[in-house]
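Okay, so here's the structure we're looking at.
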Amino acid sequence: MSKKMKSQSGITRRQALKASAAGAAFTAAAGIGPRWLKSGDAWAADLAPGMTGGPTGFAGAERYQYDDTMSEGRAVAAARKLKAEGKAPETLRILMADGAIGHFTNPWPADGPTLQSIWERETGIKLEFFSVSPQEQFSKVIQDVTTGSNAYDVYTFGYAAMGDLSEANGIVPLGEWMDKHGADFADPERGMPTPESYNMLYKYGGEPMSVCYDGDAQVWVYRKDLTEDPVHKAAFADKYGWEPGPPRTWAEADQLAEYYTGRGTPEMLGNGNMMSAFWGISTWYNRYVSKDNPNQFLFDDEGNTLINTDAGIAATEEHIKSLDWSDKGGLGWQWSEYYGAMAAGNSFMLGTFSNCPKFLDTVNADGSPGSAVTGKLGSFLPPGNQFGDDLVRRSTIYLGNNGGVSSQSAYQELAYLFLQWSGSTRIFSLLTGNPGGFFDPFQLANFADPLVNQSYHDYHVPIIEGTVARAVPTLAIPGQFAMHNTLSENLVTAMTGGMTAKEAMDATAKSWKKHLRKKGEDKMIGLINAAKSGWSTVIDKA
Amino acid sequence: MTKKKKPVLTTLEREGKTLGLYMTLPAQLLLLFIVAFPLCMQLYVSLSWWGPLDGVKWYYAYESLNWFGNYGEIFSDAKFWGSLGRTFLIVAVVVPVEFLLGLGLAMLFADKFPGKRVFYSIMLMPMMIVPAVAGYMFFMLFQSSGPINDILSAISGTKVDTVWLADPDLAMISVMIADIWQWTPLMFLILLAGMVGVPEDQIKAATLLGANAWHRFWRIVLPRMKTVMIIALVIRSVECFKIFDILYVMTGGGPGVATKSISVYILDLTFKDLEWSYVAAIGLFILVALSLIAVVGIYYMQAAQKKAEA
Amino acid sequence: MASIELINLTKKFGDLTAVNDLNLVIPDKEFVALLGPSGCGKTTTMNMIAGIEMPSEGSILFGGEDMRTIPANKRDVGFVFQNYAIFTHMTVRKNLEFGLKVRGVEKSEIKRRVQNMADLMRLNDRLDWRTSKLSVNELQKVAIGRSAVTEPEIFLLDEPLSNLDAAFRAFMRTELKHLQHEFQQTMVYVTHDQIEAMSLADRIAVLDMGLLQQYGTPNEVYNKPHNTFVANFMGSPSMNLLPCRLTNGGGDHALDFGDAGTSMIEDGELMRRCKLARNADVVFGMRPEDIDIQPREVGRPGIDMEVSFVEPIGPRTVVHLSAGSHSIKVAKDKQYPIELGAKVKAEFPKGRCHIFDAESGNAIGLE
Amino acid sequence: MASLELSGINKSYGDTVAVAEIDLKIEDNEFFCIFGPPSCGKTTILRLLLGLVAPDTGEVRIGGEVVTDAPPKERNLAMVFQNLALFPHMTTRQNLAFPLTERKMEKSEVEARINSVAETLHITPLLKKLPAHLSGGERQRVAIGRALVRDPGAFLMDEPIAALDARLREEMRVELKRLQREQNHTLVYVTHDQEEAMSVADRMAIFEDGRIRQIGTPTEIYNKPNSRYVAELIGSPPMNFIDGTFADGKFTAEKENVIVAIDGVSASGAATLAIRPEDIEIRDSDQPGIDAKVYEVEPLGAFTIVDIIIGEKIVKVQVTGQPDFELGSGVRLNFDPLNCHLFDGVSGDIIAHAKH
Amino acid sequence: MPKPLHSYIWRYALILIAVGLALLPVAWMATMAFKPHTEWVTSASDLHWWPHQETWGNFEYIFTGQTEAVTVSHERTAGKPILASLVTSLLGTLIAVVAGTLGAYAVSRFKVGGNLPLGVLQLRLFPPLAVMIPVMIMWAFLGAMDTWWGLSLIYGIVTLPFAFWLMKTFFDEVPREIEEAALVEGCSWFRVFWKVTLPMVKEALASTALFVFILNWSDYVIALLLTRKEWVTIPVYMNSLSSAMSGQMYGAKAALGLIAALPPVIFGIAIQKYLVRGLTFGALKQ
C-alpha cells in the first residue's frame, strides 16, 4: 500500500521549501555581531516621544517601543545598570534551536533593525547564538548540565523539559527576578490569558523556571481550494453525505483524507500529518486527548496509565490506519520535509506548528506565488469526538521552546534580563511575526498585532487563538524525554508492522510505569494531577 | 637434587627483568586506568537508580541503592533482548556471507595474474573507509530516488523506487549489505594470506603424486587453512557484534527498532532515556557474558591444539 | 621404456638464463646425477623434467614421447624434495596412500601396496602417527616411500640426503643405490655434493651457470675432466691447478711456474698434449692423492716447495706445500710424519697430470 | 691471552638438562674445539663462558681468576655467532667500531685499529657497505674482524663457517687456523663437522647430551676412541661395528662367522668389534679370510668404498684408487687384530684399543 | 602449470564485478561531492550519475560556511573538526605506539608482564559502549570532556592492543644473537633496545603507527560520547551536518566524507603487507 510520493514536474521538495521561505533569508553568519551597529545614540532620535528603546526605521515601529515603565524597558535599564557595575559579560552565550536564531539575526520588516542589533545597541552586551537541531536540543542541554562544561548562559528547551532540568539543578528559578524587574508575561490583557496556561508554560512545581518563547499548539491547515472545487464537492458529498470543508470530528477528517488521497495532479496524499519518529508523537496525541469528555488524560488520579485502555488503543489503531493515506517514506522525515510536501501540493491537510502558513502562504518579492499552495490554504479548529451533543475538540502543545538560565552561568541575572526583554509582549510580537524563525504566537498581544497577522494571515490567527484555548499539554514530568522516546519507538514499530496497536500501548504503559516508579511514584502522581489543571475544558456544541 | 628451583640468573639477566618490568609500566597503567577504576565505578553505579538528572554527583548513588534491581530488570527488558537478538541476527547473516565471498575472492586471487597488485589494492579499499563515512555512502545509495533503485530499474526494466531505509525488513537488509561491502575485504585478506601461506613444496608434491587442481585445493590447501578460517571468523564475529557506526549513520536504529543493535540501544539509553545506572548494569552484563564466551573459546582452542599435537 | 631426452632445453627467468641449451640423454634404468654449485640450473632442469616448470625453449621426451602438453600430475614421476614436503596435517599412512588415492586406485590394492612399503621402510609401528612427531630420518623414509608406492618409471630426487646426520646419510646412500638396482627405475638425482654424485650415480652431468660442463661416468669425470671447472669441482680436497707458461727450452717443452721455478717434462703423454697446446699460457693440474713428496734432488720432475700447513683428518693427512705465489695440497693416507717448514720436492705423477688452456679452461689433448 | 676453565658446572632449564658435570680447562693460546651432534650443550658452554647465562653450580675462571658472576663486559671475551649477528643497519665500519665505541675509546685509536684489522682480513674495500650487500665469505670475515678489533683475552666461535659452501669452508678453516697461530689467541671453536674439527683443533672435547665423553688431540681421539659413541662420531666413512661375544682371548660373531683373536685381553661377555674401513683388507675368494659378497661399490675418485655383506651385516671397506668389483662376487676379508678395537657390548666403553 | 585460456576470462570477469561493486559507493560519493545544490536530490527518473555542472561549492561550504547554493545558518565550519581528528588521532597513535612498543619488547624479550598480553587483548573484546558510562563520568570528573587530551588518551588506550601485538611479532623476529652480540660488548639492556633492536624494526614501527592512526581516524562512537562542541571529530561533525532546516546536505557531507576517507585509504594501501598481521593481532603473517 506504499502509495508513492510523485515528485511533481520541475521543482523538488527542497526548492518548494526554499521558495516558500524566500522572504526570510536564513543568514548563515550567526555568532558575530552585525557589522552595521550604529555608534552612539543616533537611533534614539527616531523613537517616539517618551520612549527609551525598541525597534525604529519602519512604519508602526512605535507599537513595539517601550519606556522604563514597560517590561522590556525595565529589562534594558537593569541590564545597563549591571553592565555599569561590571556584573555583565562581554558576550551572552545562547543555545537555541537552529530554526529560531533567525528571529534575532534576520531584519524584519525588511527595512527595520534586527532584534540582536536593538539589544546590543541598547545594552552594549553582545549575543552569541549556538544552533542545535530540535531532536538533539534536550540531549545537548543535559550534556552541558551533567558534564559541567558551562558552555552556555541561556538554554532553550521544550516547555516539558522544565521538570527534568529543575530536578537536575540545571536551571535556576526566575520568580525573584520576575517580581524585581516586573515582567508582563502573566498580564491578562497582553500576556497569558489564564493563570492555568501561565502555570503550564512558565512554572514547574509552583516556581517560575523559564520564559516561554513558543506556543507550538498543533493547528490544522488544509487545501481550501480543493474543497471548494465543484467536481470534488459533488463527488465527496454523494460519497460521504456532507459537503467537503473543515472537518469537525476525526471521522470526518479521515473521510477527507481518504477521499483526497490519489486525487489532483500530481496525485496527492490525504493525510499530510507528521508520522515519523519524534515528530509523529503530536499527531497521535491530537487523536488521543479528545477520546473522552472533557479530556482523555494520560494517567488517572491514582497514576494508572490510560493510554492502554480501549480509548488509547482505538486512537492508536486510527493513527496507524491514517498511514494508508500518507507517504510511506515519510517515516524517515523531519518537520521541514512535511512542510515541503504541503508546500509542493502533495498533501491535502497538515496538523502542525501554527507557523505553517507563515512559510507556505507567501508571496515572493516579485509578486510570484511563494509556493504551489499560496492563497489556497485554509485552517480549522482541531477535529474532535462527539459525546451526545458535546463536541470535544482538542489540540496539544508539543515541544515548544522555553528560555532558561544555566545554573553554571556567572551572569544569571543578566541572562534573565535578556529573556525578559525578548519574551515580553512587545518585542515577542515583533519576534514571532518575523518569518526568519519558527516561534509561534501565544500571547494575547501577539494575536492582536497587525504584523503578526500579516505573516500568519487573518484566516489563520483566530484559529490559532481558538486552538490554544482548546490545547492541552503533553507529558511534562521529569523523565518525559525517555517516556516520549519509548512512545515514539513503539508507535513507529506498530506502524511498520512490528507490533499491534494494543502491544505498542501496553509496552509503552509498562515502560511509563517503570519510569514513575524510578522517579518516586507519589511525587510523580502529584505533578501529573497538578498539570491536569492546565488542560483546556472548552466544550463545543455538536 | 632435581627439585624445581628458581633458575639461577646472571646479574645481566636480572637487570633485564627489572628493565622489562619498567617497560611494561605504561601499558599496565593505561590498562589499569581504563579497566580498574571505571569498572569499579560502573559496578557501584549499576547497583542504584542513580541518573544524571538526579542533581547529585555519582558518588551519592548510595542514596538510591537498589542492589540488583537493574540486573533483574535486564531479564524483563524486551527491548534489550530484542536488540541483542537483532545483533546476533546481523552477525549470523553477515559473517558467513563475508566469509564465503572472501573465500571466493581469495581463490580468484590465489595465483599470479597480470594486474593483480592493482585489483588487490582496490579490493582492500572498502575496509579502510571510515565506517561512519561508509554508512553515509550507503545512506545516499539507498535513498528512494537513489542510484541503487536507478540500477534496479535499469535491470528490471520496470520503475523501481522501493523505500529501503523506511521499511523495517529492507532497512535491515541494506545495513547488512553495507557491512558486507565494508568487511568482506577483511575476510578476503586473511583467507588469501592463509591460502598463500600453504608451503609451495607440499602443493608441488601433491601435483607430482597425481593430484589435479581440485584434489590440491580440497586435500591440501583447505585442511591447512582450518586455523586461519577460525581466526578470520572469530575476529570478524567479535568486531561485528560491536556494529554501530554504519548502522547508526544509515538508519539510527530505525525505522522504529527494526535495525536497533545492542550498541544503538545502549546509546539511546545513555542519551535519550538517560538511564545511566541501567546502562552500567547492561554494560557489566555484556562484559561478563563476553568474557565467559572468550574463556570457553580459548579453552576450546587450546584443547584442539593439544589434541592436534597428541 | 623410460629413457629421458633433453633437447636444446633452455629456461629464462626474465633476463637470467637458468638453463642454457642443455642436451642430455638419460638412458632407461640408469641412475644419473645432476651435479653443480647452487644456482647452476640443476634444480630448474629437474623441475622441467617433472613438469613443475615449463621450458622457455627445447623439449623433453620420456621414452621418445614429447612431454610438452602433459601436465605434472599426468607424468607418473616420483619426486622427493630436499625438505621432504611431507603433508604435515596428515598421518604417515595418509601420506603414503595419497598418491594412490588421487589416482583412484582400488581400496584393497592401496592397502596392500602401503603395507609392503611400510615393511620395506620399517615404518610399520609409525603408520598412524602424526608426521610432526617423526625424526628427520623417518621423515626422509616417508618422503621416498610416498613416491615409490606409486611405482613410477622415473624417480627424481632433489638433494634428499642433505639434512640427514652423517651416519644415516652414509647408510641411505648405500640403500638408495641398492633400491635403484633392484627396482630398475630411471633415477635423476640432483646434488651439490660431489661425493654423493660419485658414489651413487652411473653417470654424472656436471653443470655450471646453466651450461653442461661434462657428462660421463664418475671415473671419466674424475680422471678426465674436460675443463678447469670440472677438475676443481670433483674430488676432495680439490685438484691443484697451477697457472704456468710452456717454454720449449732446447726442443722439449718445460713448465715455467714463474716464482716457483721451471720443471722439465719427462712424462710422454704429457709431452704429447703440451705439443698440441695452441698458446703458451696453460694451467697444470695434479690430484692431491697423486703427488709424491720426495727429498729435493736435482733432475726429478717437480717443484721445490716448503711445507706450510698439515691437516690430519683421520684416515688421511692433507699436507699443504707452497712455493712463491703457488700453493698445492698433497693427500697422504694414515698419519704422515712431516714437520712444518720442511723443504721437499713435489714430484709430478706419471701419466696422471692434466693440462688446460689458461684462457678457455678447456683440457688440451684429450681423445 | 687467557686460559679458560669450567669446574663442576651444571646448568638446566626447568627439567631439561643443558650441561652436566663439566670440568674443562682450555690452555692459553690453544685452538680448542667443542664437537658434538646438534643440541648437545655446545652453545650453552659458550654462553656460560660469556656470562650470558649463569651456571646452577660450579665456577668459571678466565686467566685463573673467578668470573662466575661477572658481567660479559668484564670478561674481555669476543664471540662470533653462528648467524654472525652483524648489525644489519650499520655499515661494516660501524660494526667494527661498535665494540670500541662501547668502551669509550677515543677517535684516532678506533680508526687505527679498524684499518689494521681490515688490512689483515682484506675487507678494507667493504668498510662502507651494509651487511646485506656482502657475500657469505665477506660477512664471515667482518664478523671475525669485529671480534678481533678489541684484542680480547680469548675468542669464542659458534660454527662460524657452517653456512658457507664446501670449497670456501675448506679454505676458511685453514685461514682461521693460520690466523689463530699468528695472533696466538686462545680460541674455543664449536662445530658439528668432524672433518673440520680434526683439521683445525689442537685439542677437542666430544659432547653427548650435555656431558663430556672424551677430551684429547684429534689423532688421539681418532685412534683411541674411549667409547663406541665417540668411535661412531669420528671418521668418514664411519667405523664398522660387529656385535658378538669375547671369551678367553677370542672374539666370535656367529652370524657373520667372524673370529678374531686379540691377545692381552682378559674380559669376557658381550662385546663389539670395531674396525675402520681403511684398515680392512679385501682378498680374492680363494684366499683365507672371512667369506663375504660384494653388495655395492661407491667410486669416490681418490679412493673407493666397497660395501661387503657378511651374514646380514654390511661392512664398508675403503680401497685406494679405482678398482672395479663385480656386484655379488665372492671375496674374503681379513681383519688384522692389530687394527681392531674392542668395546663392551653393553656399556659401549673401550675394552682394548687397536695397537697399530 | 599454465591454466587454459577460458579460466582467465572467467577470472577477469568475476574480479571486474567485485572491483566494480567495491568502487560504486565511493564513486557515487565522489561525484556527489562535486554536484551543485540543485543536483543533490533529483527526481528518480533522471538521476545525475555525473554532475552536470561540477562545482567546488560544497568544499567551499564546509570550509567557509557560505556558498551561493545554500545559506542555512551553520554554527561552525569543518576546519576545526578536521584539526580535531588530526590532533587526537596523532596523539592517540603516539600513546598507543609508545606504550605498546615498550610493553611488547619487555614481554617478547624478558617474558615479564604476566597478564599484560591477555589483558590487552581482552580490551578489544568489548563493545566500547558497554564501558563508556564510567569513562564519560570519569572524563567529566577530570574535566577531560570535550578536550583534545581527553580524546587522545582514550584513543591511545583503545588501540593499545593492536600496537602491542603487532610490535610483539616484529620483536619476536629479531634474532637473539644480534642483541647478545651487543651485550657481549658491554651494552646495557636499554642501549641494546635503543641502538640495536629499535633501528632494526624502524619500518615495522612506522607501519604500526600508520595502522593505529587509521583506527583512531576511523572512530565515531567514542568521539560521539566524549566530545560536545570544541573537539568534535569529522565523523561526529559530519553526522550533525544534516539539520531540520536544510534536511540532508548531501553535497556538503559527501565532500567532507571524501576528505575523511582519503588518509586511511592512502595509508592503508601503503602498509598493505602488514595489514593481515595487524588485523589478526599478529596471529597470522603474510
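Note that the chains are named A, B, C, D and E in the order they appear, and that numbering of residues resets to 1 at the start of each chain.
One rule holds in what follows: a residue touches a chain if its C-beta (ideal position, glycine included) is under 8 Å from a C-beta of that chain, and two chains touch if they have at least 3 such contacts.
Here the structure is a predicted model, which means the values were calculated and not measured.
Listed by label, the chains touching chain C and chain E alike are B, D.
Counting hops only between chains that touch, chain B reaches chain D in a minimum of 1. The interface with the largest number of contacting C-beta pairs joins chains B-E. Centre-to-centre spacing of chain D and chain E amounts to 57 Å, using the average Cα coordinate of each chain. Taking each chain's centre as the average of its CA atoms, chain B and chain E sit 16 Å apart. Between chain C and chain D the centroid-to-centroid distance comes to 26 Å (mean Cα coordinates, whole Å).
Chain A and chain D have Cα centroids separated by 98 Å. Along chain B, residues 12, 144-145, 161, 207 each make contact with two or more other chains. The set of chain D residues that touch two or more partner chains comprises 52, 71-72.
Across the assembly, chain A contributes 7, 146 as residues in contact with two or more other chains.
The residues of chain B lying in touch with chain A in their complex are 49, 51-55, 73, 78, 144-145, 161, 163, 165-168, 254-258, 268, 271-275.
Across the interface of their complex, chain E is touched by residues 7, 12-15, 17, 25-31, 98-99, 101-102, 105, 130-131, 133-136, 140, 143-144, 146-149, 151, 334-337 of chain A.
On the chain E side of its complex with chain B, the touching residues are 1, 3, 8, 11, 14-15, 18-19, 21-26, 28-29, 32, 41-44, 47, 49, 95, 98-100, 102-103, 105-107, 109-113, 116, 119-120, 122-138, 153-154, 156-157, 160, 164, 183, 188-190, 214, 217-218, 220-221, 224-225, 234-235, 238-239, 248, 250, 253-254, 257, 260-261, 264-265, 267-269, 272, 275-276, 279-280, 283-286. Of all the residues in chain E, the ones that touch chain D in their complex are 175, 177-178, 180-187, 196, 199-200, 202. The touching residues of chain C, when paired with chain D in their complex, are 37-38, 165-167, 170, 173-174, 177-178, 181, 192-193, 195, 198-200, 218-219, 222-223, 232, 234-238, 287-289, 309, 311-315, 318, 320, 331, 333-335.
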